[in-house]
Amino acid sequence: ERGSDGEVKIIYWQAPSILNPYLSGGTKDIESASLIVEPLARFDQTGSLVPWLVDEIPTVENGGVSADLTSITWKLKEGLKWSDGTPVTSADVKFTADYCMAPDGGCAQSAKFDGVASIDTPDDLTVVVNFDGPKPVPYAAFVGAQSPIIQKAQFEECLGAKAQECTAANFGPVGTGPFVVTDFKPNDVITMKANENYRDPAKPAFATLTFKGGGDAAAAGRAVMETGEFDYAWNLQLAPDVIAAMAEGGKGTPVSGFGTLVERIEMNLTNPSPDLPPETRATAAEPHPILSDERVRRALSMAIDRNLLVEIGYGQAGRPTCNLVPAPDIFASDNTDCLTQDIEGAKALLDEAGWTAGADGIREKDGMKLELLYQTSTNAVRQDFQALIKQWWSEIGVETELKNIDASVFFGGDPASPDTFQKFYADVEMYANNFDGTDPEQYLGQYTCEKAPRPESQWQGENINRFCNEEYDALVAELSKTGEISKRAEIAKKLNDMITKDTMTIVPLVDRGRVSAHSNSLGGVVLNTWDSEIWNAADWYRIK
Amino acid sequence: MPDTASPILDVKGLKTVFRTRGGEVHAVNSVSFHLRPGELLGVVGESGSGKSVTMMSLLRLLPSPPAEMRDGAVMFGGQDLLKISNEELRNVRGSKIGFIFQDPMTSLNPVYTIGYQLAEPLRAHMGMTKAQARTRSIELLELVGIPDAERRLKDYPHQFSGGMRQRVMIAIALACDPQVLIADEPTTALDVTIQAQIIELVKELRQKLGMAIIWITHDLGVIAGIADRVMVMYAGQVVEEGPVKEIFDDPQHPYTQALLKTVPAVRGPRAEKLQVIEGQPPILTEAPASCQFRNRCQFAFERCSEENPLLTPISAPGHKAACFLVDKATTPAPETAHG
Amino acid sequence: MLTFTIRRLLLAIPTLVLISLIIFLLLDLAPGDPLADQPLSIPPEVRQKMRDALGLDSPAYVRYLLWAKQFFWVEPLVFFDWVFGTSFSEGMQRIVSWQFRAPVFDIIIQRMPQTLWVVGLAYVVGVLIALPIGIISAYKQYSWFDQVGTFVSMIGFSVPPFFSGVLMIVIFAIMLPWFPSIYDTTLVVNDFESFGQQVRQMTLPVMVLALQTTAQLSRFMRASMLDNLNHDYVRTARAKGMTEKVVLLVHVLRNSMIPVVTVIALGIPSIFGGAIITEQIFKVNGLGQLLITAIYANDLPMVQTLAFIFAVLIVLCNLIADVLYGLLDPRIRYD
Amino acid sequence: MTDTPAAKPLIKDTTGRSQWWDVWDQFKTHKGALFGAAVFLFILLAVTVGPFLWTIEPTFIDIRARNSGPTLAHPFGTDQLGRDILARMMAGGQVSIAVGLTAMAISVLLGTLIGIVSGFFRRLDGLLMGLTDLFLALPLLPLLLVMVMLFRETLSRGFGPEMGTFILIVSAIGITSWMQTARIVRGEVLALKEREFVLAARSIGTPPRRMILRHILPNVLSPIMVSATLGIATAIITESALSFLGLGFPPDFPTWGRLLFDAIDYLQQYPERVFWPGLAISLTVLSVNYIGDGLRDALDPRIRGR
Amino acid sequence: MAEETAVGPLVKVRDLKMYFPIHSGLFKSHVGDIKAVDGISFDILPGETLGLVGESGCGKSTVGRSILRLYDITGGTVEINGNEIAQADSNSLRSKRPMMQMIFQDPQASLNPRMTVASIIAEPLDEHLDLTDEERLARVYELMDWVGLNRAFAKRYPHEFSGGQRQRIGIARALALNPKFIVCDEPIAALDVSIQAQVVNLLEELQDRLDLTYLFISHDLSMVRHIADRVAVMYLGRIVEIASRDELFAEPLHPYTQALLSAVPEPDPDYERTRKPIVLQGDVPSPANPPKGCNFSTRCPKVMDICRQIEPDVFDFGDGRQVACHLYADNTAKTAGSTAGQTTK
């Protein structure tokens, strides 16, 4: 029964700063907002699409998607109401698109609306999205926690540049979700209460919800598993033994799930030497003196024991992987060559490449030492990885200099800073990345030649490695035109292999899952890594 | 003053030692003296001779540590001030014995008004109300000659000149009509003109109130003007004691003699060269076992470095000196007879 | 005194303007990007659009002048409107945070209570503990109390709060579940029970913070007391027959407090600066946490405003310290 | 002038001896200081000579031995990667102490310089005190980020990555922590300026520079000493915060601060891991503080003579 | 001591003024002055000692310091040994420092507690001469001998000495550069009676030996009588009377001088019983706000109406004796200019 279970308390060690997913793509913001605003369809814990505010997922088969793949028709559930009691109509859906696509709005999710030409609302419950060309995978707009429906009445005045000024709306959006905001303290705490007008009269079971933010993962885990002050803690990026010890506290249980997040080492194919002029430093004009050689890259990969990395860094929240796209299953390549460490093989490969051991044990070739600068963002697990990998590499005669950079600088795109991951003023760097939803097209499309960051593009671009291969570019183009799912999977696997197994441009290490924890008295938790982690909060209840 | 009146304050064999990091300092060594009612006892001696420490020991005003009263008795009103409880002592301090300190500039608390500081002992010892204390404070300030007393109660010490601060100190000391007033160099820091004012004031007050006074000073001129009896101290000991005329006209101890000669005069013939007492006072690291003045004394002989001369009565009544050379009145009477 | 105060205030204006400019230039020069915490899956073109929407790319002097106008003109007007119910500021652009797209002052005001409660109270508690410790240590110099006090305050100096805070949590929240480890900023104190709850949740952070304040201040107090105990007026008070209590607490204390009070006043800005690490450990989410998250998020308007308010407080507290000095010590008159 | 024998006990035969012997003589009498010096010396020895005796590399990972408690092979145990904590403590100590001392020296130098100049030259006073306020108000983190951005690479190239980072960190801590010292010193100088011996020096014609060096500086030594000892603690701790933010040394480079910080996650499972660096930092700070106390007394000839 | 030859004065002070400005109000505007020294003139002949007496705060120290240009004076001229001091720039001033030196009131405060005796005495040598270490040490020893300090004390610190010894250190420092003229600012005030005599004797001895000229500031009249050849009496920033020692002490003319002398107690009980000091009422007015007319008019026992209106002229009684008091106005023949103090010989 709605509201019968009292209060539920969630802690995110990153605090939400805004409740409008269109103005911030941060996980904390999107997931907290997912309790309030909802999309038309979601991904479930297995990665498959489930209808949410609609009755069924439109497909070509059921006629929801036009045969030429240029439009998709969504039919809203009947009787849906906003939390303020007004009905949800197709106009709200159309408005949502207008809102995000308005110029000067700075919409964080505008990529979701790529290719949307127009939206028609033939009636109050029908939404037709027309694309400007065939769209093999039309489930981007209005799908997933990133792209929920917002209320037209509330956001009407907030179009375009004014979006930034609508504080009240951004802090307390009217939604269809199980909860409504009663008080939002940015970067601190959100208090919510059950949505009176939620479509299922029996839900949510909790009358109020407290969403606390801030602190660190250890404290969050402690609050759920040891002191029992909170019911749910998000993303416990802690060493496995620490989590295990906390679980012994007996108040809560860690849960984990896997998505597409892959911790990887990126090889710089261009020369980052500080001696080069800034115009050509780390650009395609200067190939990397060491890493341009595929054998060196492969040897570096072979020296790594991914199983141990998982054991040390992630425990049950990680598994070794050799793929950039580890999931969903149909897109995941079966490539497992890298999983066994092969120090001797690596040595042999380096010998073959002409790198011979020098007097101090460090390999050299043509008077150049095999020395690498290895950078990553600041994070305890990453620093442990760095230390381990450095040791392995030293075993094969590679000298490594480690560097860690504050995440806000490393991932901040400031073109003036030498320490951003895009600029890549290092030989190798390590971080994790994933893609939204289940389709890797855009993700794999990042490694085309023209997406390499360079001075002309203000160092913007996702092709961090400056990988450039015509064949790859051609395959990417083909993928964008292919609609059939098995065909797409085949191309995607090929792309994945090209950039990992074949060229060792990207050296995947760990397929990182998500570990969260919930108290033993909280029932109904289903960890979902494809959508908002707390996607089914409406179903949560208190175990009596 | 008749010799017969029983003393109001009788100090016997007072010994005060400071324990410092560098060892002990024997600042006061077996000092005995007495004070009769209504009498003004002048105490002279050069800097460091133990004048202040002696007087502060009487009221146990020295911080302990480092100071330690090793021995002696201070008889006042039938009690030994060195033995009574702190509570009883507090009833003597400020109410029966007033104290004026050496440096008027720092002896008043800078952050309280004069009125407050004056009223404090009045309220503590005489149980006065605020209003009574105020009235009395005004009286007192007028008594010590501070014009516009009522208004000045609200002033802070720094708003007073040195001379006026000293008057305030006197007013505080007199607040509870003490039987004994101890004035530790009350005019040394002041100009002659102000000094003259204060001396006039004290003479006047003495006549009015009839209290006994101990007046410490370096300035023999001041002593000559106001004292009935004089006590000369050197290195923590009394070396000579007697009626003022005796001391100035017929000094017995070589130190007193020298002291009198070092002072140039404003009147009379001018000496070509000043007399000096060569050398320095000794450092009092242990209790004296010999004459402390011997190194600076032109008459020193062997015995001086073997034995510490006792204070011995001399022919003139009430005149005593601690020197082997003095012409004794009778057979040397042991010093213990009385101070 | 009044003219002194006014003169100092006037003199402070150019200093503060200069400080604001320097803070701005520094922040502008600093690397980092307000979009750093956005997921990597957001493509660069979209990022660029978000940046444009925040007005990030206009030239520095434009942004500075805009900020200055907003800070010195718009925000005071808003305040005026709020107090008098007028509407002069209508339609004017306030200083808006890049993280929250909300006026920074609203958020600062939201954060104020918990910071003042926790950090402020810790300061008060620290002061209240430090003073008696300092007084007793001085009065009983070299006693065991004094020695222990010295030792403990040294420990207080040398143990960082990120250590002592976690230790407190482990001991008093986990092993002995007496206090909560997470501060509830939404708690409304309206009855006895919620008051108790508030006290309980403040206990640990206040203890951690107070330890540091106590350590520093008790040293100061001790030194100042020792200094004053040797003054002549103390002897005068004793000679007047005052009890030791009066001598110590009336005469010596007030004099010793003069330098200490100014030290206390100079420490006040740090209350408003929040206690970054302690706030983080206990999730107090006060101004310190606001500043640090704003820095991490490269929320320049927020950082700039907070830093500048901090500068104003520092200058003001300097002034307050001087004025207090003058008020407490009648010898000093600034004219 | 004659000197009475009674005055003699005060006098040591000071002619042949350098005054540093006097300082040492006085220092010796301060029990706390002597104890502090002994502890500090011990720590210094442990971190410098220690690595020659205990030869395990601090960065060597023995993954099988990870999270081991104190054993013969690892007397202090190992960390989550199986690195020997004793070796790391010693290596970390070298860095932490070096950073602490150098950063403190920089901060004290700056603070003293600015304090003296602004106290001594009235005209510069307003300006320099404004500067002090500015530095107090500047948010530390962005300042550090800017410094790192502007100088890390140049310094790394000039001095090697480790030395470069060292210089960077030390100067970063130094230039952001001098303000307190400056204020205190300024106050002292203002008071000293009124003392008669400064006037005496002026009547001799001593120029300002020598006036400062000869008369002012030695007399503000004791407050400087106090800030210096406190400064070491702050510097060691600030360094740990910096390395945590990734602004410090390379991540495999142990420092006490980082060891402490890393160990806090494991506080419940392996409390000894927190204990060692915590103890080391506290002991260092404590011993330096007592040394400071002793030095202050020893350097003051007025106390020394007693 | 001055020999009756036609030598000109060594020190010539004319209309010296030293005002300390008082700033107040919002913009620290200049609202007034503390007129610490308000137009005084005097000469000091070579080898002579001029005593300067007066109450505390009357400006004695300020005169001494102004003459040595330790303050930037407000007005007037100072000439020492033919050199203009009052307006000299800092470089030429520095080069003239060796000939004029000062001895300070508080021997404790005027010695840097962190310097050894040797380095204190050597400081002027370092500043002005270029000596080798040995020469310097030799000179330091010589100076220590002169002032009667045991050479063995060279490495000791000031606090290890008694007051008298400390003052000797100060004297040695002042003598280091062979000055001609020394300002002694109450060199004995902080010392004990028995030590005072030692220091005064030393000063006299050194004067004879080194042919020094002193300005001896003191408020101890008996000591001034002993050491000074001529005496100037100051009251509130002005010289009220200047005369040779014997004349002044035998027959003080100015009412203030009379009061001052009568207030000095004598160590003679008989005399003291009969002495009737002229007790001045009230306090010295503030130099920031001196009374109209004669400065002394507020406390003068012989005050007349004119005193409160008009500042008295200086009346010259010949032989260098001058008095600034209206009482002597009928002594018309002896009126000098408005500047008191020139020795007219």
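Odds and ends about this structure:
Which chain is which? They are A, B, C, D and E, in the order written, and residues in each are numbered from 1.
Following the convention adopted for this analysis, a residue touches a chain if its C-beta (ideal position, glycine included) is under 8 Å from a C-beta of that chain, and two chains touch if they have at least 3 such contacts.
None of the values given here were measured: they were computed from a predicted structure.
The set of chains touching chain C and also touching chain E is given as B, D. Counting steps between touching chains, the shortest path from chain A to chain E takes 2. When the C-beta contacts at A-C and at C-D are tallied, the pair with the greater total is A-C.
Among the remaining chains, A is positioned farthest from chain B, on the basis of C-alpha centroids. Most remote from chain E, judged by the distance between CA-atom centroids, is A. The distance from the centre of chain D to the centre of chain E, with each centre set as the mean of the Cα atoms, comes to 49 Å.
Here the CA centre of chain B is 33 Å from the CA centre of chain E. Averaged C-alpha coordinates put the centre of chain B at 55 Å from the centre of chain C. The mean-CA centres of chain A and chain D are about 45 angstrom from one another, to the nearest whole unit. Among the residues of chain E, those touching two or more other chains are numbered 198. Touching of two or more other chains is recorded for residues 31-32, 174, 295 of chain C.
The set of chain B residues touching two or more other chains comprises 278, 280. Across the complex, chain A is touched by residues 59-61, 63, 66-67, 80-81, 83, 145, 148-149, 152-153, 157, 161, 244-247, 250-252, 262, 264-266, 268-269 of chain D. Against chain E, in their complex, chain D makes its touches with residues 1, 3, 10-11, 13-15, 17, 19, 195-197, 199-207, 210, 214-215, 218-219, 221, 299-302, 304-305. On the chain E side of its complex with chain D, the touching residues are 65, 68, 70, 93-94, 97-98, 101-102, 104-106, 109-116, 123-124, 127-128, 147-150, 152-157, 159-160, 165, 168, 170, 173, 198. Contact residues on chain A toward chain C in their complex (touch as defined above): 11, 14-15, 17-18, 23-27, 104-111, 161, 163-167, 170-171, 183, 185-189, 191, 210, 212-216, 219, 222-223, 226-227, 229-230, 249, 406-414, 416-417, 419-420, 433-436, 442-443, 457, 460-462. In the complex of the two chains, the chain C residues touching chain D come out as 11, 15, 18-19, 22-23, 26-27, 29-32, 151, 154-155, 157-160, 162-163, 166-167, 170, 174, 269, 277, 291-292, 295, 303, 306-308, 310-311, 314-315, 318.
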